[in-house]
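A, B and C label the chains in the order they appear, each numbered from 1.
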Amino acid sequence: MPDRSPTLAAQARLSHDLLQAVRRDAPLVQCLTNFVSMNYAANALLAIGASPAMVHAAEEAPEFARLSGAVVINIGTLSAPWLDSMLLTAGSAGRAGTPWVLDPVAHHATAFRRDAVARLLDLRPAVIRGNASEIIALAGGQSAGKGVDARDAVAQAEESARALAAARQTVVAVTGETDYVTDGSRALRITGGSPWMPRVTATGCALTAVVGAFAAVSRDDPYAAAVAALSCFGIAGASAHDQAQGPGSYAWRFLDALAALDAASLVRASPLRA
Amino acid sequence: MPDRSPTLAAQARLSHDLLQAVRRDAPLVQCLTNFVSMNYAANALLAIGASPAMVHAAEEAPEFARLSGAVVINIGTLSAPWLDSMLLTAGSAGRAGTPWVLDPVAHHATAFRRDAVARLLDLRPAVIRGNASEIIALAGGQSAGKGVDARDAVAQAEESARALAAARQTVVAVTGETDYVTDGSRALRITGGSPWMPRVTATGCALTAVVGAFAAVSRDDPYAAAVAALSCFGIAGASAHDQAQGPGSYAWRFLDALAALDAASLVRASPLRA
Amino acid sequence: MPDRSPTLAAQARLSHDLLQAVRRDAPLVQCLTNFVSMNYAANALLAIGASPAMVHAAEEAPEFARLSGAVVINIGTLSAPWLDSMLLTAGSAGRAGTPWVLDPVAHHATAFRRDAVARLLDLRPAVIRGNASEIIALAGGQSAGKGVDARDAVAQAEESARALAAARQTVVAVTGETDYVTDGSRALRITGGSPWMPRVTATGCALTAVVGAFAAVSRDDPYAAAVAALSCFGIAGASAHDQAQGPGSYAWRFLDALAALDAASLVRASPLRA
């Protein structure tokens, strides 16, 4: 990848501005997310300054999507009634111009999930956030992962991510030890985080929710939204690491770090890399 | 409001006695509550000394309500099957003389919720606990809130709360920076808490659950139950604030503070105000 | 009970080996568990070194059970669609040779639960984990418990546990202040833990999930799996106690302790008793 230092610096400043916008506007982020992550994702949204709304039923979720700043759809604990509602809500979001973000949790594990994700993809998410195994499989590749864990490294998923983003005209964020974000043409990497993060359940789902918060304040540029959200997780995630003594203490220290995150650090200690 | 200091002192002593009763009796509190709050509400109930039971299915929840000390119904993540069960369970609780408490989360956000709450209200909750926006809208007023956040101040909701309590012969608790409780004729305010509280998801839902615990030991006086529960949250909430460094640490420190709450402090440092 | 010290020492060494196997293999543990416990159980599985997958829908859970190292079924927040899926998934697990673990939460509280557990039992769980009241009732005895709490002491449940294990050719683990594990002929007790444990919701459900992790690496010996899981909870549970100041801090300190658990301590400070 060519040296993009000036672009990276501009992107870092944009992340700074978007974090301030999230804190100023407290965008309403509607999540149709899995049961495991609901509490932690809501707390992450509150910590970053957004306003979570876990509204999922088919009777109201499509209507609510018209009020929302962004919609987040995560198939972690999928079931048939939830899928119906996700499809209706993503459709409603699309018609209303509300950006929506997809987390295709373990979509390659069963036929039910594969079919669900294929139908959701057709409804044009603004951003897709997954681990390397999920993104490789989503682009049609052969993943080593069987469950919700990533068995593949992010670097192995870069080509898949780029192809998927280009084919679907979306932004793809692959997260792992170093993250990778691409819109099919642009791409960059985000460092930071902590080895404890994959040992705390729902941190990935919380990240997807926070991508939604940034998408709400960056409707024209979902690439910038994804980069900003991942940057916040990178910096706050590393900051929480230093004081944590295990996954239990990491979980709450990370929320404290997200809430205390100094926007200036997104520029001063930018985690962005070419 | 006239000076009610003697009444406030008597009310504080009653709160003290009710907390001791909760700890002695460990009342069974059945919660049909939202997915986001289930874990935190159960932990708050355990911390205060009650026994939580998250039993929600239509096949058993109405039957279980006859065994419960109180029932708590919270529409945060409502869906059609849950609403059916809530209506059956509230009805069963009513017939059995089991007090039930309503948390009308964001009921003004969608038609589905508005209709649900109208039907639940007809089943006569002993206490309604909500934020200012929810209570104003419930009384037929125009609220500034759009989602689960309160965009209105508690003081603006006092008249709505009083009218709602009188019209429905119930107790209404409006929570915010300073809380307000009324049964339509009596009213008082409760101080304490922490600015971190609204930054931790499910603290309001946990409070509603704890109102249920107190309602179970104060069946003839749901006003006293609401005042006692809010007082516990006021004092424990302020005590947790001093040591918390953010919303993550506040969440667990608050549970520690609830469990460690000295009943005498409800009198000695009463958070009640006229 | 006769002195079984040599057997206890061998069992302790086996627990040590099984913990190392869990950490090496990171077995995929599929949980159909209650909403209250999902997050905490997933975090406990990650802390011990396993890989959680909360996959519950009838459309995919039976298929997923063929990939899983073990399946955990917990009826805490049961509903009709979940019960259908539990029955299908337990059946699929049985056909695939995947061990499955049953947590019959409050099964004696309602007719719906009693019937559900009777049908699940016929599908032959490898291990049943419950509190004393649940196990007594499951063996046909008269329990003092009404809700999810144990109102009976473990010692009172030992005969019930032994009879149930023998009749159903399964392993029964009764947990409380001192735990009891039996396969109908063998039996032992496990000490440790903390008085805070029953004051933190979902610790029992998390334990059942961790029994699943051990069952995945000890398919031929579910008795050893249950003993190892309870030993980890005993030692990590006592270790967390020393630094906790209440149920809030205990919850995360316990996860830290599980992750930091030195396998050698299972032998050196064995919590096993005759």
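Heads up, the rule we're going with is that a residue touches a chain if its C-beta (ideal position, glycine included) is under 8 Å from a C-beta of that chain, and two chains touch if they have at least 3 such contacts.
Just so it is clear, the structure is predicted and the values come from calculations on it, not from any experiment.
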item: Copies chain C and chain B - interface residue numbers shared by over half, same or different; value: different
item: Turning angle required so that chain A lies on chain C, C-alpha fit (0 to 180°, nearest 5); value: 120
item: Mean-CA-position distance for chain C and chain B (Å); value: 34
item: Multi-partner residues of chain C (at least 2 other chains); value: 35, 39, 251-252
item: Interfacial residue positions of chain C with respect to chain B in the complex; value: 34-37, 39-40, 76-80, 106, 109-113, 146-149, 198-202, 245-249, 251-252
item: Residue numbers on chain A that touch chain B, as the complex places them; value: 26, 28, 35, 38-39, 42-43, 46-47, 51-57, 59-60, 63-64, 67, 81, 251-257, 259-260
